[in-house]
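Order as written gives the chain letters A, B, C, D, E and F; numbering starts at 1 within each chain.
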Amino acid sequence: MRPSGRTPEQPRDIRITRNYTRHAEGSVLVEFGDTKVICTASVENKVPPFMRGEGKGWITAEYGMLPRSTGSRMGREAARGKQGGRTVEIQRLIGRSLRAAVDLSALGEHTITIDCDVIQADGGTRTAAITGGCVALVDALNHLVKEKRLKSSPLKQMVAALSVGIYKGTPVTDLDYPEDSAAETDMNVIMTDRGGFIEIQGTAEGEPFAQDELESMLTLARQGIETLFEVQKAALAE
Amino acid sequence: MRPSGRTPEQPRDIRITRNYTRHAEGSVLVEFGDTKVICTASVENKVPPFMRGEGKGWITAEYGMLPRSTGSRMGREAARGKQGGRTVEIQRLIGRSLRAAVDLSALGEHTITIDCDVIQADGGTRTAAITGGCVALVDALNHLVKEKRLKSSPLKQMVAALSVGIYKGTPVTDLDYPEDSAAETDMNVIMTDRGGFIEIQGTAEGEPFAQDELESMLTLARQGIETLFEVQKAALAE
Amino acid sequence: MRPSGRTPEQPRDIRITRNYTRHAEGSVLVEFGDTKVICTASVENKVPPFMRGEGKGWITAEYGMLPRSTGSRMGREAARGKQGGRTVEIQRLIGRSLRAAVDLSALGEHTITIDCDVIQADGGTRTAAITGGCVALVDALNHLVKEKRLKSSPLKQMVAALSVGIYKGTPVTDLDYPEDSAAETDMNVIMTDRGGFIEIQGTAEGEPFAQDELESMLTLARQGIETLFEVQKAALAE
Amino acid sequence: MRPSGRTPEQPRDIRITRNYTRHAEGSVLVEFGDTKVICTASVENKVPPFMRGEGKGWITAEYGMLPRSTGSRMGREAARGKQGGRTVEIQRLIGRSLRAAVDLSALGEHTITIDCDVIQADGGTRTAAITGGCVALVDALNHLVKEKRLKSSPLKQMVAALSVGIYKGTPVTDLDYPEDSAAETDMNVIMTDRGGFIEIQGTAEGEPFAQDELESMLTLARQGIETLFEVQKAALAE
Amino acid sequence: MRPSGRTPEQPRDIRITRNYTRHAEGSVLVEFGDTKVICTASVENKVPPFMRGEGKGWITAEYGMLPRSTGSRMGREAARGKQGGRTVEIQRLIGRSLRAAVDLSALGEHTITIDCDVIQADGGTRTAAITGGCVALVDALNHLVKEKRLKSSPLKQMVAALSVGIYKGTPVTDLDYPEDSAAETDMNVIMTDRGGFIEIQGTAEGEPFAQDELESMLTLARQGIETLFEVQKAALAE
Amino acid sequence: MRPSGRTPEQPRDIRITRNYTRHAEGSVLVEFGDTKVICTASVENKVPPFMRGEGKGWITAEYGMLPRSTGSRMGREAARGKQGGRTVEIQRLIGRSLRAAVDLSALGEHTITIDCDVIQADGGTRTAAITGGCVALVDALNHLVKEKRLKSSPLKQMVAALSVGIYKGTPVTDLDYPEDSAAETDMNVIMTDRGGFIEIQGTAEGEPFAQDELESMLTLARQGIETLFEVQKAALAE
């Protein structure tokens, strides 16, 4: 029934490649099927002005799409002189989600910026970015330990994200673009590897969704995110 | 236990004043306690370029805060030359939510812009904006009927929004600013008067939230939103 | 003869409501008939970079119109990314006028920002903003005294503003929108309660105006502004 | 008493050089003493969108200062990405003033843009710009006649502008920079060669000004502007 | 002598991978050693306004660097709201160079945009972008033929680019970042596969360069670019 | 053969007028025939943030064109809110070129900004700007010596620039606008008075250019630039 032939509860092939580029403290290529995002984590020895002197760190994120990561070319945001509303919304979500992974007090006055740049899009770029960005973040935290700038990693828990939705009346996991653009409801679920929710964003694109549909989607999300944590851990074990 | 002395399931006083200013096709002052938002609905005889010729209408929203609607003055976005990320995120949410209220095909090639301007903020401005904006929208749709530009109102259902959250371990309804800034979890729930969900956005500000906390919050939201629909209907009956 | 039925020398009903919103050090709703402007005065413990270390204070103003304060919706300046020329011109005038009310040396290194936001427009928004803004300013100065941040109020004099013009050949006071858009000459007069002029801006919209017309308008302005000072004082006495 | 040794009613040397650069339909260098402004008038065969189809023309102005036209270098507005408030205020004044010189209905659907670029500043740049800009405008109108795009010039009257002020208690004419920066009151007066006022902008920089001071300044302005009309006419006669 | 151990006339390993991403009409990953650039070619059925109706096509380019493509993170241009001077300079060079490859009259009213996004930088990003971008362009032209939108490819000639310079007194080919940042002279040479020059940009970073040094650099460039044409042709033959 | 009747190796009349305006530390009007550029050099007692504390100085340049310096009016960059790509490219070239004239270590922590504003354009504005800007720079350096802020001038060498090109198959010197817009190849050559090259930028506008054409153009450039150094020296001797 799904355009890709997957079963409703089947995510796409998830791949995480560490050390994808060489300059960043953490650098990951994350692939959710044909969705490919480069996630880098960059460390700076300072925090934003509103946090100075508190002894705490900060995690923030920026998101972009290469102009031709999509089926038709999108104007380059740098050339238009502003980031679009969707970009702003997504990068705020990524930043909030990844801050939940880290004990900011133990991070000290460092800022880690997670840049998520989509080089090929096929739905689910924000969930891929969070899932891959968390691995880049772990690498950057370990880098701080290795360089003796921190005594131990301030990582509290792993964070991963998955989209679920109602497609042609059926709850499905990890929507690709053909499903995403036709789904009745789309929900992004961000969880920790301890089973808690960091964020839930469910949106009815057409008809409102009911309580039982919400529960079905949450069940799918919890199952699918288990897979993501396994892929993250396998990548970090390499 | 709540700073305001309310019980956990008790929303603030909700007031909706129609015809608050005189130029707009719909103009509402909505008050959730000390949160006050002017919502106007403006009709234009055209649609955005990407929709031209399809015979359908469009609903969009813009959001702003007066610089001193808050405890300390915020820089004016017009003077800084761009809308902040929070503003963009909120106005996209308002627009998505209110589009769910209307049969866009029956609206014809009109655009209705809902401007939500906060004149005094005390938490929950986005949920107040959606709840009041829906009443302004109904007035604008009825104006089109009265002016014989539409045969009947394309209103499908009423839409209202309420925030719920976990404050000091307890699920509570309609958080004010002191609660909002200290809550462990904050969730905005947008529903229709037929009982369906339009959007759910739940965010753990500190610790992740669990499935049973999610369910408690949703139960509070469903109850509280009933009150909002009553206030909307009473206002429209005047 | 006037569309509103007023006599040439008759201003509209002028109302000033103090403590209109609760966060600002001064907060006023000023109404010149159907023109309604929220004026807030916000105090900061610093001055602009070019004044630092001089021991003097600064008064500045910002002006905005809600998008649907007018008959047809105006684009939101924050969304367009810049303030229009008219906005800039008006907020500079308000700032200059209100600086004349205060002994800046006695103010110390504080900045007071007067935000004037038009929620409903019917002509004369800049004169209403100056007249109401002066009351908000007085409240903010008194707040500084009450909080013992200043020993006494550095207020030198009250400032008020009124528009006068030539409408269908007759000099008239306090033009509303139908008059303003058809007037041959429009003049804004800003005075102190000691009878001096702070600023005069007279513009021929159609034919040039003559010396005797100028004198007639100035006479009307002096008379009408007396009323404004009475309304200001009554409001401050409450 | 004046820093320049001039008598109170004595303007600076006023010089107008036509055909200063070769591309524009009108091109003038205007000098008020050491204040030097290049004024060009450019004709386009179209009007702004809000005027299309009305058969009327439009006059508009833009103003700029070379970064080192002043004593210390000012940042380039093009590099900062926006025009400052003073620039906006001045170019709106120039545009309004010069529109008064022309019968816009007789101009047909042409736009004439007057660019006023200050290459050396010593006070009074806006009055120099209006006075020189009017000559550039006349040349552009005559160019349209010569090219048979108009049957006769739609010029209604000449327009010129002069600053007057109260300097050390004395009313003086055509303030230079040392006077302008120390004056108690500064007033710009724009008149037609038929004796009418186009615009009056008087501002108390320090103490308010009184009715009799206003009258003295207006008298000086009327006298001084006579000289400007003579210089304009002599330049046009060459 | 060179940090990389290369001989003066030895370029880095050059790799061109076609079909790197799946949406664009041409998509190439080009690698000059550790410099990696994604070049996509996107076809649109229209030309810029200034060319409409002439029956000719247009080739343009945009350039960007991922924020952490470099040793320390650069601010994202989309977030800063403008493209930097270096970006503008480079994308204009790429566009001019690639226009030389194509008979624009034979292209018809199509625009092809070459997006060059640097994912890892180690010197020579603009020359890599031109060399890889030309292959993406060829693929896009062939795509138009295959889709029968053009009868035959309007390709006139291949274009490739290489940097040469004077490093520690010796002329060298294809500078990497350690060389580039220390070179006395840096020259970018863009040639066609017929042996003509498209553009030469030589800049003395320290001391001026002499005629004989210029000639040595041009000789190196001509030799090295031969290699680039071979790599391009091998890639296109796959 | 040339539209102006000049021989191929003949530059236009070159004129340099010092002390053109009175405020800047260096102020020059440079004319290459009908191309007229005002170049001012402004000294500040500080350097950009990235250079602070190094004890070295900085030279930078900004470039602008008056809107009607050209045959048809160009939009004002300050009004459009950004500098165009061509402007950015040119001002970076001027800055790089003039930095080569000065020993930045001997300049101490001063910034000299060269503003080049075109008041009339007829081709070759960037080469005129460099040639005239160098004279303004020398005056500013001498000013620092005269004011005892430097012991001796840190000038290393004079810098001048000339355009050469291939026009109708013939190499020519100092192209004016009619030649520039029709030339097959356009090359800007920046040299020092000791005979070294600072920058070479040659661009094929139509067909690629060959090695021997490059050599012919360089020969013309070397000859023509001799004339420029003579004019610079004569101006400085006055």
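List of remarks:
To be clear about the criterion, a contact is a pair of C-beta atoms (placed from the backbone, for glycine too) under 8 Å apart; a residue touches a chain by one contact, two chains touch by 3 or more.
Going by UniProt, the chains are A, B, C, D, E, F = Ribonuclease PH.
In this text, all values refer to a predicted model and were calculated from it rather than measured experimentally.
Counting only chains that touch, the fewest steps needed to get from chain E to chain F is 1.
Common partners of chain A and chain E, by the touch rule above, are absent. Taking the mean of C-alpha positions as each chain's centre, the chain lying farthest from the centre of chain C is E. Taking each chain's centre as the mean of its C-alpha atoms, the one that lies farthest from the centre of chain A is D. One finds 50 Å separating the Cα centroids of chain A and chain C. Rounded to a whole number, the gap between the C-alpha centres of chain A and chain B is 28 angstrom. Between the CA-based centres of chain C and chain E the separation comes to 59 Å, rounded to the whole angstrom.
Within chain E, residues 81-82 each touch two or more of the remaining chains. Order of chains around the touching ring, counted from chain E in the direction of chain F, is E, F, D, C, B, A. Across the complex, chain D is touched by residues 82, 85-86, 88-89, 91-92, 96, 100, 187, 191-192, 194-204, 207-211, 214, 218 of chain C. Note for the complex: chain A touches chain E at residues 21-24, 27, 34, 36, 38, 40, 42, 44, 62, 64, 66-73, 76-79, 81-83, 87, 113, 115, 117, 119-121.
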